[in-house]
Amino acid sequence: MSSKRKVAILGATGAIGQRYIQLLQGHPWFEIEVLAASERSAGKKYKNACNWTMECDLPKELADMTVADANVEAVKKAGNVDLVFTSLPGDLAGPVEEEFAAEYPVFSKASAHRMESDVPLLIPEVNPNHLAPLVALQRKNRGWKGFITTDPNCSTIQMAMTLKPLMQFGLQQVMVTTMQALSGAGYPGVPSLDIIDNVVPYIGKEEEKMESESNKILGIFDGKTVQNANFVVTASCNRVHVKDGHLESVFVKLHKNPSVEDLAEAFRNFKGEPQTLKLPSAPENPIVVREEANRPQPRFDRYAGKGMSVTVGRIRKDPIMTHRYMCLGHNTIRGGSGAGILSAELAVAKGLA
Amino acid sequence: MSSKRKVAILGATGAIGQRYIQLLQGHPWFEIEVLAASERSAGKKYKNACNWTMECDLPKELADMTVADANVEAVKKAGNVDLVFTSLPGDLAGPVEEEFAAEYPVFSKASAHRMESDVPLLIPEVNPNHLAPLVALQRKNRGWKGFITTDPNCSTIQMAMTLKPLMQFGLQQVMVTTMQALSGAGYPGVPSLDIIDNVVPYIGKEEEKMESESNKILGIFDGKTVQNANFVVTASCNRVHVKDGHLESVFVKLHKNPSVEDLAEAFRNFKGEPQTLKLPSAPENPIVVREEANRPQPRFDRYAGKGMSVTVGRIRKDPIMTHRYMCLGHNTIRGGSGAGILSAELAVAKGLA
Amino acid sequence: MSSKRKVAILGATGAIGQRYIQLLQGHPWFEIEVLAASERSAGKKYKNACNWTMECDLPKELADMTVADANVEAVKKAGNVDLVFTSLPGDLAGPVEEEFAAEYPVFSKASAHRMESDVPLLIPEVNPNHLAPLVALQRKNRGWKGFITTDPNCSTIQMAMTLKPLMQFGLQQVMVTTMQALSGAGYPGVPSLDIIDNVVPYIGKEEEKMESESNKILGIFDGKTVQNANFVVTASCNRVHVKDGHLESVFVKLHKNPSVEDLAEAFRNFKGEPQTLKLPSAPENPIVVREEANRPQPRFDRYAGKGMSVTVGRIRKDPIMTHRYMCLGHNTIRGGSGAGILSAELAVAKGLA
Amino acid sequence: MSSKRKVAILGATGAIGQRYIQLLQGHPWFEIEVLAASERSAGKKYKNACNWTMECDLPKELADMTVADANVEAVKKAGNVDLVFTSLPGDLAGPVEEEFAAEYPVFSKASAHRMESDVPLLIPEVNPNHLAPLVALQRKNRGWKGFITTDPNCSTIQMAMTLKPLMQFGLQQVMVTTMQALSGAGYPGVPSLDIIDNVVPYIGKEEEKMESESNKILGIFDGKTVQNANFVVTASCNRVHVKDGHLESVFVKLHKNPSVEDLAEAFRNFKGEPQTLKLPSAPENPIVVREEANRPQPRFDRYAGKGMSVTVGRIRKDPIMTHRYMCLGHNTIRGGSGAGILSAELAVAKGLA
């Protein structure tokens, strides 16, 4: 690659925006050109506009960058960018992303456009072939020079990655109970008084997202549109006292009822285009299988594959469905900014960005 | 009742033993006569033998009581007792409880005898009619003057209480993922380094207990033996960073597929013999139904009914099974010493102790 | 007392306001007549205006009460009240409390008026004799029919209570490092992401309050004004991962250098007017001394004396100052709403309210 | 350096032993040759003998290494080693370390020999010149070919590092209240039930260590012996709910009463021999000064300088002493195995090992 792509981050002051900054330090293909956020932050130095909560220090060259307003005109004025990462709040994201997509490739963590039929809901290891045709369709439909591609919800991403290698066994049903980390709620997010010595058995709209997104992700592009995969998902979502790393208790019904070892093999052998293409952020193993009886655990497994691998454990037969297992992923890396970066890498590798 | 029954607590120094002491303070029917524990503690003053971890102060009159060795001879020497509560460690419990049962009514929190066909696995609101006939059978089989009755595993008790009112709808399948409190592992139990910023997705033998005990509890005594109830249970058990209160995400398949409101009604209206008999430890409502979207929560609901009620919330339809809901109970009260005390109260009320 | 005083709570939706509601349930002298809060909440039903975070249920009769705007006119319209508890945010509190003091006895948890020379900074066990003369002075100065009396900052109250019995030994210097609970920051207060696996070594303005308030509290009314006590306080304040209960590591220099046992005796024997007058919220022992090497601890000692006692432990000699000890109090009971209620009880007992 | 020194780790299965393994991965000077532990573990594969609690995976080549018994004969049989790291439990450490010191350089984390007059109590940045003369003295006194050098207690190390640059201002008194991390108690260490929603204001023998060790560390070798530094330390030690990173609230009396900025300068400019010698584990800045009002914080600052820097913040004047500040260090890196490794690097650089 001759020179690095310049990127803008919209929603740069939020938890996901900060993680973008952290993960893009030293990235071989991308460099941060513009930090943009809502009006309230625009015009301030980044260090004053954000409450930096990453455990690393805020890079000095970004600390003094002036935050641009999150609109095309302001971003253009702030710099020449090649592509755009967005992690704007849900209500803002919709129209702003469309405005940018008219000119730029937009990689979005927001839910606004996820379920639109010409917008990819992308996990690069799972459905990379959705990207090019839906981008083409989108440009045709909407007259854009750029495009929008979206990352699924954090708890969906890690589950869907484990479902992909199960498709070969005839996946019919998925029941999941999640134990989700605090960082999933952003910052300031969950008040400490709500979660100390406690679990909160409710996360707004989370169950609905898990129940609808997986079928699109695992669907098949038939030349015209994505035909949703034909299995049923039901979810029960909980917030637990963990900083990072969603843990999920998954029960699946597999028509071919394979052995536990077959399942473990399928998880272990799973590779996707990011691995073939050797994308910079691709983990060697998208899924890591742990043999210990008490794994995966958030504190020990969330940084597997630098936070880009999903860890699976406790695979066993189930007397009602056919199998059950636990899966864990880092919700703000694989389930957050790492997802967006990997999607952008895939788009670059495919000549789309 | 003319005068109080005198009780011995075997395993008095452990977490459940300490909770027995706390709950029996001022009990109208029972008073503590003997505190017994393993050899290591026997002969010491109770305050020196135990690491008191209850949040109330250790009652002064017990602090200086000498701990007896947990065998019949030593307990007899220490006092005249009418009945015995045991919370001995699993491996010790089996033979010791049998020795005591030859002479005393034994109310056991240990798993040793739970699945024996002539031993009640008792939840007073759920299967009170198992008690008298199995005690009779036991005495006949074993030639005992006393008897053993057992409390189910803590995570089973609260779930089984919610399953009882669902039996009328044709309960076929139960899938449960638990988020269990630290006190369930006793003291010292879970090291803080294992659970800070973490979830542990494994509790030894817990899933097996949940999967086998419910069918016996909800079974029907047919005049000769308990015929196990005919539904399938599958469980996935996790330890979370909560002091007390197990939270469970339950999915059920009900043949008659009632409405959500029918389910809520069934939970709300559920009463059992302890309520009819007005047993001292019986909560007014065995099951409390919360309407809020984010309840039950351990810190807010564990003391419902003084820790003896199970709280249910988030009742909703399920696209794979038929329904799902959350339930929560205090694992060392309703799921621990409170269970034993209520069982003893039932036995007294029925003239068995 | 012929009939109960009717009270208004200003700032009723906040954490301290909620604790007032909890503590006033069944109070023998006071009953809640009006719940008032800022404009944003006014006009709503209380249950909709507040995020109830107490572990008990919100009393039903209050749940549907309409919240009044926190001004005299609105409160009058809402009911006839005899006295007013305020826990308004700092910036609002100043003028609103003055408006109410023109007509009502005002018991304030806000810092706005604490350091004014004609306003009592009251701990009923410590400086009850400041109340009547400063109220008289205030009325004379300001032409009010009512008055304002203030409670000290939560971390000051518990420390000042332990300093009172040390005055007899010639208290010269106090150095304190605090470990303060999350509830001290109100709700939503401290974000969980800030405090999980962490300590925050800074609480805005807390050190200044601890360093200035104690001298006024322990000062002597000389007939005209309160002459501040003549010792120096220095503080270092930290937020730790505890729900309720501030723990303080205190080092003191005592001119007379008493023995450790003399200190323990002085703490144990300390009583004040609330004990003599048998005020309803007065604990039997304002200070509880624990002998164990590892006490006081927040989870075990915060509810001593129903949250109204301060627990002291680890009293020992110090090679730089003369003594050191740990003290602990419940920051939202003794350090919060319980303080206001006890002050109001004192005022009633003295015929001032 | 022609080839790597081969090292043995005694106490390899414990928390500090595991951290040694982690920190020695890829070390340029040292490689692990023997893992030794108590009898209970000897003969087992390392992976079966230890409960691995580091967040990284156990290196494969060590997982299957057979654990040697912690005595010279067994260690010799297991491999040729050049030097020995020990983190044996206190009671075992004394005689075992002496046995090894007869032949090997021993770098000890145990307290057994710390206060002996011919044993260095070493912090390489603080008192590197104690090492060579005390080793010589030791060999002369005891007839050893090897030697013992000890690391101070974890909470002492970080404080003593901050005291070193204060010596120039005439350090007279130090008062410290600590908030110490759970990992300081080893594994299993603190039970979760003791520390959830709690602080424990007591750590056995910790205060005594802090009060005695600093004077030796900061003492001056006068040609014959170390003359203790002439200041007084008093400590109050607490365990808080933090995984790693001790936070300390320090008050100091400095005879010359410098300005706050002079103190900050002195901290910032502090360098020692490890920096001059460019030892592999030496951080660029032994002390990092943070300007933010709310730092240092354990979760954000413990990995400063890869866990080898101490972070200082909140430097301010004090009305009783002369100054106060907060300091924080990683207790199992700078305060644990990192300390031992840096000491060994210093010994190698000085030709002693």
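Lettered A, B, C and D in written order, each chain numbered from 1.
In the analysis below, a residue touches a chain if its C-beta (ideal position, glycine included) is under 8 Å from a C-beta of that chain, and two chains touch if they have at least 3 such contacts.
The structure displayed is predicted, hence computed values, not measured ones.
Asks: Taking each chain's centre as the mean of its C-alpha atoms, which one ends up farthest from the centre of chain D?
Replies: The chain farthest from chain D, judged by C-alpha centres, is B.
Asks: Does B-C or B-D have more contacting C-beta pairs?
Replies: B-D
Asks: Where the centres are mean C-alpha positions, what is the separation of chain B from chain D, in Å?
Replies: Whole-Å distance between the two chain centres: 48.
Asks: Between chain B and chain C, what is the separation of their C-alpha centroids in Å?
Replies: Between these chains, centre-to-centre, one finds 41 Å.
Asks: Where the centres are mean C-alpha positions, what is the separation of chain C from chain D, in Å?
Replies: Using C-alpha averages as centres, the distance is 43 Å.
Asks: In chain B, what residues contact two or more other chains?
Replies: 196-197, 241-243, 299-300
Asks: Under the touch definition given earlier, write down the residues of chain A that touch chain C in their complex.
Replies: Touching chain C: residues 15, 53, 182-183, 187-197, 241-243 of chain A.
Asks: Which residues of chain B touch chain A in their complex?
Replies: The touching residues are 173, 175, 177, 179, 196-202, 211, 232, 234, 236, 238, 240-243, 247, 249, 251, 293-300, 313-314, 318-321, 324, 326.
Asks: Residues of chain D touching chain A in their complex?
Replies: Touch residues, chain D against chain A: 55, 196-197, 299-300, 303.
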